[in-house]
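In the two complexes that follow, subunit A is the common piece, with subunit B as its partner first and subunit C second.
Entry: the complex of A and B
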């Protein structure tokens, strides 16, 4: 556990000297800020016709979830692929660190970075709570943010796993992006076409359903939690196995 | 002389063994495309092909893969033995077994979670995600997909309706979907659907249609019950 923490801390510090991380953080916060401002403007314009509807945070967290699809490949692409390219992975493999600890440390470091962006974005619900009387539904905010964190954790784990397979950052970026696009959009399409249990299987595998139809609406289901934890476990397992195979390949 | 003959035989066997391997590879590619075709047939994209025919061809191509690999193993027993007893094979098989076991655990865990679709918690203050028991049981009994079309003009905000319909969709196991139409922009569509006022919802299940007066749980429940029990 100590090793995981040391690697995570090193990785987290490393993000703050990387321009990509600042660009990703800026783009996420700028886009969610614009959506937040439009949302507020819309509610002010339609205040008389909204029939008691109060604004909530779900449009902002919904956009945040979508932005993670596009931004996380840029965060995870270099994590292990760069170590392999630079030849520092061999040094790490000879250190008294288990393969899993290395992968989990990298994942935790990137998760801490995303959590920092998430923490900054908490300014939106705080402002919204000040604008709305008697305040917004705070439990819904908790559920929506839990959804964003789970989506980020699952994407980061998959990204770290894919980064461990490649030695080229660009290849890792595109494969990670394609995997996310597949999980977020493409896998849901057969559910619209197929009938019966096959349709249900594809619907279950569709990641955005677990986020937009449950957590972002304030409903936490066992299936959603198991789905996200499974993706995190799968990503870390792929990463650990990929590092392990480097020892005997 | 005898040694030379043996060497000649070995070289000929090596040439044929490559042919067997290529044969297995081609069969493998054919199996891949047949698998895709089988998927498209089950999606009813191809209407001219029968699923049973594609299944038969899949069996044949699978058999050809086995045949090609078996021929290679007969012609190159030493290489095959080395492949299966080498260091990479030993570690590789270990990793393969671990991966299969891990995936098995993940699949079982997800199947168990899917079969228990009980919400852990509805965190909204006014419990907006908790549908009435009557509406929940009506959704469970839907035989096919129901599509709701909300006819809302620009004067009627869709927020409340969108929230309710999205909640119903989330609790329907994929058997309920919805969209919105602005009757001012598509008056023909509204007329064809028989919509005469603003804020009405058209429920459609196969050929059966039902118009609901507004976006409330009780109204949608009434509409669904009428769809389930047509006169």
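Entry: the complex of A and C
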């Protein structure tokens, strides 16, 4: 366990000298900031008509989730692919560190970085809370943010897993992006076309539904938690297996 | 400390190492000598727990490299061929990172201790990305030393160093080798001779021979080669030299010089010189040539299998 933390810490530190990390943080915060401002503006404009309605945080967290689809491949692509290219993987694989600890450490380090961005974005609910009387729905804020964190954690785990398969960062980036596009959009279509239990299966596999139709609306359900935790486990398993396979080649 | 038995590794259809068997004792520096692609790196990667063998067993510091890989890795210091460094870290940060992965209590002290061992303590806070090749090599060595390992495995430790640094690194390695086990690879014969207590010559995945540098040398210097050059035409020279007593082989080189070989202990040079001059040739040059590594390989692989077993 300590090894996971040591590797995570090095990875976390690395993001603060990495230009890609700053670009990602900037884009996420800029986009959510614009959406936040428009949202406030809209509510102020229509304050009289929309009596009884209050602004909430879900448009911002909703956009955040979508931005993660596009930005996490850039965050995870180098995690293990670059170690393999630089030859430093040989160092880590001959250090007394289990393959799983290495993969989990990389995942945790990248998660801590995303959590830092998430923490900065907490200014939005805080400002909103000050503007709205008697304050905004706390439970919605909690579940929406939990949703963002779970989406990030699942995507990061898959990204780390895919990065472990490749030596080339660009290959890792595109495969990760394609996987996310599949999980976020494409997998939802069979659910609409098919009927009965087959439709249910695809509906369950669709990541959007677990986020937009559930957590981002304020409900925390076990089925959604199981979904995200399974994806995290899958990503870390793929990563560990890829590293083990690398040894046997 | 290291016991290797019947170690074999296949990369797909290609056999990288074939049934290697050797051992290394504590306090011994063993040199792995061979051309590129002979299987040195593969063997080292198996011994450090980086990859499992296809067949055979290897024990390092009393642990099996496959079954108890983590225990082996705790006790081995490894410098891979491509020095594994993070360019975005300072030398000190890098060593502290490695020290913490190896559960060393006072990481900072140990990092400094390692840097001192390789004479880099004044560059502790410089980024590794700014280092020269020799400095990178030394940081890599410092990393291998940081946990005071029982066994040190070094893949081409002196490659890319300047002559002064080579002497320095050799001294460091020799110092470590006094009470610990060092396995190092090189393709430079003189290096193996200077540093190692024992040399394993490996070619095409097989151990060709294994001996102390002294024995190896005396076995190899069973014959002496000399290059001879005359002014103008050297026609008929071969026939003359061949007649001289003690001369075993004579060979004309494309550049017009003649190379001949005679057995150790029967120096044929004065007689050859006399024969050349009496033949009316003008002798310009006569100098002994050392056996190059390639020639030693040819020499050794030519030896029959009994000879190899005897060594």
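Everything that follows uses one rule, which is that the second predicted complex is superposed on the first by the 249 of 249 C-alpha atoms of A that agree within 3 Å, B and C clash if a C-alpha of one lies under 4 Å from a C-alpha of the other, contacts with A are read in each partner's own complex, and residues count from 1 in each chain.
Note that in this section a contact is a pair of C-beta atoms (placed from the backbone, for glycine too) under 8 Å apart; a residue touches a chain by one contact, two chains touch by 3 or more.
The structure displayed is predicted, hence computed values, not measured ones.
Novice: With the two structures laid over each other on chain A, which partner does A:204 touch: subunit B (first), subunit C (second), both, or neither?
Specialist: Only subunit B; A:204 stays clear of subunit C.
Novice: Have a look at where A:97 lands relative to subunit B and subunit C in the superposition and call it first, second, both or neither.
Specialist: A:97 sits against subunit C, while subunit B stays out of touch.
Novice: Is A:248 contacted by the first partner subunit B, the second partner subunit C, both or neither?
Specialist: In the superposed model, A:248 contacts both subunit B and subunit C.
Novice: Identify the partner contact of A:193: answer first if only subunit B is touched, second if only subunit C is, both if each is, neither if none is.
Specialist: Touch status of A:193: first partner only.
Novice: With both structures placed on chain A, which of the two partners, subunit B or subunit C, ends up touching more residues of subunit A?
Specialist: The larger set of subunit A residues in touch belongs to B.
Novice: I'd like to know which partner A:214 touches here: subunit B for first, subunit C for second, both or neither.
Specialist: first
Novice: Between subunit B and subunit C, whom does A:17 touch in the aligned arrangement: first, second, both, or neither?
Specialist: second
Novice: Going by the contact rule set out at the top, does A:139 touch subunit B (first), subunit C (second), both, or neither?
Specialist: Only subunit B is touched by A:139; subunit C is not.
Novice: I'd like to check the shared interface: which positions of subunit A are touched by both subunit B and subunit C across the two complexes?
Specialist: 248-249
Novice: Taking the touch rule as given, give the residues of subunit A at its contact with subunit C in the complex, in rising order.
Specialist: Result: residues 2-3, 6-7, 10, 14, 17, 86-98, 247-249 of subunit A touch subunit C.
Novice: Show which residues of subunit A lie in contact with subunit B when the two form their complex.
Specialist: 46, 49-51, 53, 137, 139-140, 142-143, 190-191, 193-194, 198-200, 203-204, 213-214, 217-223, 225-227, 230, 233-234, 237, 241, 244-245, 248-249
Novice: Can you check the complex and tell me which residues of subunit C touch subunit A?
Specialist: My answer: residues 11, 45, 48-52, 70, 73-74, 76, 78, 80, 82-86, 88, 97-98, 100-103, 143.
Novice: Quick one: which bits of subunit B touch subunit A in the complex? Just the residue numbers, please.
Specialist: 42-43, 87-88, 91-92, 95, 98-99, 102, 106, 109-110, 112-114, 116-126, 128-129, 155, 157, 159-160, 163, 166-167, 169-170, 173-174
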